[in-house]
């Protein structure tokens, strides 16, 4: 077991302790007030709050899907409605009883999950856009409501279902039940969203492409999230109907879906707390205001929404946080231990073919960007890809890392043909791609970015924010050399350009790749940074026996570190040879300077 | 403008309330100030205000004044739950008297039951809504449909009908009954088509109608927009068959102008009823509201009578005790603009129905009247 | 006389990375300045910063003595500062005619300008209704240049116009530009990989390296060697 | 059969007229304007006011367009302009604006359903059948809208600048096109079109504060499927609108009401660029 190295402020432990204390106290307060409140509140307020609690649960699910995963969804109302009708229909058809109740809950869960899975499959696929997902989420409640309307006496059509016998609880206990469920859901949501998994979801929202190239099947994650939130929303609906004793189409309507979004937007997206604040606020306020001034109320809501979107996109909670920022202790100050892991022992002598490319072409209609590109590269080779703008270098990189890109030819990574596989699958053959413009997760800390990068090797925890950061030695060395190790707790967006590049490299290396694709990694780096970068690359090939394919304009840099150079010109390989062959070739000078090769002998 | 008128009325209530010393009997009126019913709601509120004013002027009920609490139910379930909660548990009203959508009414029933508050429902509806707390003094299909169908059968020699409705409980409920009744009376239904409640393009349905060779149409759409769009598009498509409309009220007909001409309606109230009570009522309404007057109609008049029915029941019961009042409600009879009304048929009321024809100027001419049409078995006692 | 263009201590970049560091130079009226240096050295970024597509972090840009550092690009164009980008310089789906129309600020005087174009590059005016995307690489370059010239700019910024052109076209381009300059007196900044072309039309050159000017001198017989030294692989 | 064909074409015409405004906005700024429905309503009320003032239809339509355009211009400068980088938030903000406009209309005109008499009434004898004259007129209207705006887009300097901005904003700016102004004008025109369509449908429908809403989803879907050009919009309107009529006629109108939404979603799933040629 290699020793663990510790970074970040010590004494963080004590902060943890006090935080733990704060949370326990808070929890006790919440539970206590929920249990006692109904004794103080009048029946009216109690009833209002009970409904508000159930609605708030639905709002939380919207916050998770939209605030955390970045899909603006109008559809959660549909799942809420499914819960409502599951109860209403079953109690109406079979009467009230314990087995009916269980059947109801089961139906609510299964129906919601099924619809959600279907919706998810429709909304999320490699290359789907957030806008498209919103469109689908818009269609779901509309279709559902239409079904309810035409459902005759079975669904009660527009009048909904009423008069079925339901759980006979005292209002006070309904309040406690609803309140505690809300508290529970909120707590679980907060825990998960702050856990390593939660970070992953934020990563999806911030940079789906990067996640895909880290071997994460983003669509799958999004679908899972949708199904889980759908189930929760459906259960909320179940409770709502159980208390209200009514099922109405508007419980499932697109209007209600929009109302949920507005609640989250006003309260503050991506905070869970915001969803609760928004939901309770709007529900209670509307109960007291809308009765007496119906139109003005809608007007207020509309104006408030516009104002919040324009002025504070993070909603009330977000605004509040900005105000109190000064007073609160500096955020995320947990200790993080970097711990090197045993990398899958790379065969000492074996020198397998890492990249194999046969007759690869890429055409847009008649125009062909790549044509008949063919080469192979071995482990511990550093192969540079040079050529003027528009020669097709980046296109070639894309064709190597995404099976769906090339229009012709064969590509194998680490001996596996990549067929038509999406990047996240190709990555699992041992490929790591670093983009030209540093592609990281701006909103996450350095440590979180690295942890997300490990996702497909080490499934992230649902509950914990682990303080151990297990990375392959290669990644650790980059982190340490670049000085990132001193700033693990910092948000990536604050890093310098150079450090961002280093971070992305470290993230890619965390995949333990055998093949590394680098697209102009030194663009915009300082001289010193470039040197550091060169050293890292050389040791990666020498020590970790990686095969590196480097796209680079800076020929000085290329000459310095390459073991071999491929010159790409107008989509074809113009030259493939050792550094000296290429550097002294007339052809290259011509391509680069448009100059006839007359002066080439004058070269030293 | 709705909400202003409404706030004014509150102020007014406060005034009359303080006029009499004893603590008032509170009447809750949950109604669709916003949403689908918001067009007709103001007229309902107005007639409630008149009834309360008249009663208070005569010394109230058992010496106690009446006070109105109006709340917006948004014409839907969610809004209704809030409105009923507010009235029953916050305002602690003694009774609910209101005209609402079926969705709103249904949403209210559980709350009414929990609050053990009598509820007089004053809107015509598709029928079969039963709760020990619920009384209905407006018509149900059994009362409204036969006049039109019988008239078309006899006078128009119609036998092939085409039914068009909005896809919601009332629309489907009414047409289901109509279909059964037509077939019972030897007619045929060639088509029965529905459009979503918010649908406004009836083209394909109208084309089907024209292709069907029907010789009469009966429609039951949602009030307001769908009703109007359907009528306009029927006219635009040159449909001039006998046209019975189960959902149009006098006011809408008036504002629709020429397009509404020759529509047949069947109602328990039309302004043209030639009775002393009705004339007095209209005069009082005109005097009280002047320019702001919303045309009294088949939805607002029952509200007015509902208040009187409650007054009678309280006086019979000798107090506002819910159970006693509920018992009394089925026994008291009230004389109003629609004649004498007694909710003694399974908490529903036999009514005099009027078959009217909309004239070119939008007024409704009464063609025939059918007295004391029985609501039939709406809530047969469970055996 | 005031300089056509005066760039003073200009710094700029993308996000957090600085690609133009403290650059200063002058371009006097009807002067042609060649900016040379290898790819990825920030030459294009320099032009973008001058035009305002990249925000100026520090420093100033003066056009005919007027400070235009913060002026949005479309207004600079209206002052007569015209940019010929290296990539995506054409509206592929528009006709040649429409591409040319966009060269002028209004359709007034388009026809006369068109005749001019006809003299420079007859091939274009023969195929006005054709989609620009259907032209060959060389013809597209001509179109781009023609579109810039027909507006008779005061200052013209050319980014790699010779890229991918066969020698004959390069020569054609160079004497069109030279003649044009004589007629109109336009000042130009020419970014080039193609040294002979650049030095052929330029009075002065700048060598650009990692966002900085490392050498600047008038074009003379030794210019090529000196630049070689900087460009040497 | 012929009736169904006419139903399909006239329905497509209506859908096209109503969606075109949304499309123009989406095409240029990639923003979904959820206030579109509200602008349709505004147009209808403009027509109502015009009719009350006994203006002839040749004046009512321009009035509606102008009103809508004015609202649009105001919206772009105060709200949309700040949200170009946050398209999803733009959806929300414009949705909020929609409710605001709806409520303001309610406060001014009240909830009542109102009416505008049709300039063309009754039926026309057309290809051997009696058919609603006004709906047939709508076909003409749709063609005029299409022609005028295609002309505007392809024939005028403004159109040229607009297309330039759509294709390559940076290059356009470099050529002196003020893209901010182009966006403003486009949004105004789009909103104007919405209002115009509102005025055009009033004779077929009622005028009430929410009249625009039922059209929004269909319009939105059609725009998504058409992917940004008036031509493809016409195609999508014909295909999906036609499908709607067919389903309404042979299955039932309720399913018909869902046809557009569902088909659009499926089409986009299979072919993300919709009917636009890639």
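A few remarks follow.
We call the chains A, B, C and D, going by the order they appear; numbering starts again at 1 in every chain.
Just so it is clear, a residue touches a chain if its C-beta (ideal position, glycine included) is under 8 Å from a C-beta of that chain, and two chains touch if they have at least 3 such contacts.
Just so we're clear, the structure is a prediction, and the values are computed from it rather than from any experiment.
The interface holding more C-beta pairs in contact, when A-C is weighed against A-D, is A-D.
Here the chain at the heart of the shown protein, by mean C-alpha position, is D. Centre-to-centre, using mean CA coordinates, chain C is 43 Å away from chain D.
A straight line joining the Cα centres of chain A and chain D is 35 Å long. Here the spacing of chain A and chain B, counted between their Cα centres, is 54 Å.
Touching of two or more other chains is recorded for residues 2, 34, 38, 167, 194, 196 of chain B.
Listed for chain C are no residues, as none touches two or more other chains. The set of chain A residues touching two or more other chains comprises 146, 149-150, 295-296, 298.
Applying the touch definition to every pair of chains gives A-B, A-C, A-D, B-D, C-D. Looking at the complex, you find that chain C touches chain D at residues 51, 53, 72-74, 77-78, 82-83, 85, 88-94, 98, 101-103, 105-107, 147.
The residues of chain C lying in touch with chain A in their complex are 13-19, 38-40, 86-87, 160, 162-164, 170, 192-197, 210, 228, 231-233.
The part of chain A that touches chain C in the complex is made up of residues 388-390, 437, 495-498, 500, 520, 523-525, 527, 553-556, 559, 570, 583, 588-589, 592-595, 599, 602-603.
On chain B, the positions that touch chain D within their shared complex are 1-2, 34, 38-39, 167, 193-196, 198-201, 203-205, 207-208, 210-211, 224-225, 228-229, 232-233, 235-238, 252, 255-257.
Residues 3-4, 7, 10-11, 14, 107, 110-115, 117-118, 121-123, 130-135, 203-206, 208, 210-211, 213-214, 245, 248-249, 252-254, 256-257 of chain D are the ones touching chain B in the complex.
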